[in-house]
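Following: one structure in structure tokens, then a few remarks.
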Amino acid sequence: MLDIIIFLVLLALGYGFGRWAEKKHFASIIEREELLRGLLTFSGRFPPQGLGPLETVLVDGNVVISVDYFKRISAALRSLLGGRVTAYESLLERARREAILRMKQQAFDSGASHVINVKLETASISKGYGKQVGSVEVFAYGTALIPQST
Amino acid sequence: MTEYSNPQIPEGINISAEHPLKDFFLMLSAISFALVLAVLLLSMFAGQLVRFIPFSVEQTLTENLGQWQLQLPETDSPDEESAAATLPDDEQALAQSNTEKQVYNARVEAYLQQLGNHLLENSKRPLPVALHYIDSDIINAFATLGGHIVVTRGLLTILPNENSLAMVLAHEIAHVQHRDPIVALGRGLTVGLALMCITGNGDGAMAQQLLGEVNLLVGLRFSRDAETAADQAALELLLQHYGHVASADQLFQYLRRHQGDAPIEWFSTHPLHDQRIAMIDRFAAKHRLAQMETTPLPAWLQISGHSIN
Amino acid sequence: MLVSNIEIIPGKRIRQHLGMVQGNTVRAKHAGRDIMASVKNIFGGELKGYTELLTEAREEAVGRMVRQAESIGANAVINVRFSTSSVAAGAAELFAYGTAVVLE
């Protein structure tokens, strides 16, 4: 009986705080994306022509986001039934956009105008108890193009 | 000249719009439904399988069944004061009365056994039964593994004659003949084990505990169909023994009058009293005789003092 | 919508680069398929259920990426890359990303 109560409390806490954190995070992501919109990112390998002399530097950004209890249970149930694991979709979306944002921030700080050849890596780390995912890491990296004034 | 830009991408393409709670409860209900169905099927299957266990195995299992194992969980005695008042002060007197009690209990048990055997005589392929008497105020009678049937003092006090007692005994005997106790045990164990597997907090020790649970022997619950079948068979036995089924419904009449009263713990899963009485009436109507004399209970049975009518 | 993993489409000139578009989905196979797969693991061979699942998931990821590209007015996605990772036991994440462009 105590187990069930603990479980329900964790579930409710996970849901409440998880929802709240996700909302806040998305709001912050959208705001910062707007700020960095001037910095262009592409996954192509070739730099835009006519930029003049350029300095290139490798920039990267990574983020580890943990899965709240509610999402974990929800995903566990979903893995019994099969289908789309909606609980993890928003999580990965958040992680990816955050990683790209951090990469762009780094490029912005070094005065870049473009980031090209952007690549993304996803890894699940700290696979803990019962092989449940504890958190996901997303790593974004690319080449920043810094215009040189001659 | 190629243009380069980063237009804003609309939100929500990579995220499903479904509300997480709705999704969660849909999944939860689907999985619970599937589990309940699976456990139900499994227990029915187990119930069919255990019927193949020979009755002799059942008997060996319960060979060493002691009196304490059949003891009912004691509830608050309604007449505690009178019980306290009759307690003898003297140790010797206590021992004396204990011995007397044992002799008396053995006599009641022998009487019950005799009545049970008489009822069994009319059965086609009888499985032997062993009757036990428990000195308890609780109104109860039950059948358990190995053909053991337990009757309490509380039950005897409310029955007006032997016919009505025979009906109760015949009912429990019918359970034994139908192998209901082992089926109920098999089902109960299967459900218990399945639940342990599902919740995942079970191990060998817990299974041991489950098997050794004393309550299992006392608290077996039969399905409603089994109860109805037992009633039917009991009436047949009664008819063959007495030639009529008068007074068969006495117990149910009493239970109907005292619904919700204290120490009746029995019959919670049984069919409604009204339905059972109606069934007995229908049966009785088919076998009505001019002479329907009921047999009184033996006079030595000390039941008057405990009457809670 | 043209989807390609090369950067220069022969005979076409890129008029506009519109940046990165992404599509992702997380899919799980139901417990029945898991059990079938573990049986199949004894004998070896293709796990049809899983192949199907991953194909479906990849199609969905590409579909979402294409929707992003369409929504910003692109008519092709070039330099597309796929990445698959298992984010939880029994669940696989499919991710596709590329550059949205306007071809002439």
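The chains carry the letters A, B and C, assigned in the order they are written, with residues numbered from 1 in each.
By definition in this document, contacts are C-beta pairs under 8 Å (C-beta built on N, C-alpha and C of every residue); 3 or more make two chains touch, one makes a residue touch a chain.
Just so you know, these numbers come straight off a predicted model, no measurement behind them.
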| item | value |
| --- | --- |
| Selected pair, greater C-beta contact count between A-B and A-C | A-C |
| Chain located farthest away, centre of subunit C as origin (C-alpha) | B |
| Subunit A and subunit B: spacing of chain centres that average the CA atoms, whole Å | 60 |
| Between subunit A and subunit C, centroid-to-centroid distance (C-alpha), Å | 18 |
| Subunit A residues counted as touching two or more neighbouring chains | 40-42, 48, 78, 80-81, 84, 86, 89, 93 |
| Residues of subunit B whose C-beta touches two or more other chains | 2, 4-6, 8, 14 |
| Two or more partner chains touched - positions in subunit C | 17, 19, 22, 24-25 |
| Complex contacts: residues of subunit C adjacent to subunit A | 7, 17, 19-20, 22, 24-33, 53, 60, 78-79, 81, 83, 85-91, 93, 95, 97-99 |
| Footprint of subunit B on subunit C - complex, ascending | 13-19, 21-25, 64, 67-68, 71-73 |
| Footprint of subunit A on subunit B - complex, ascending | 1-2, 4-6, 8, 11, 14-16, 18, 20-21, 23-24, 27-28, 30-31, 201 |
| Residues of subunit B touching subunit C in the complex | 2-10, 13-14 |
| Footprint of subunit C on subunit A - complex, ascending | 40-46, 48, 75, 78-86, 88-89, 92-93, 96, 100, 118-124, 130-133, 136 |
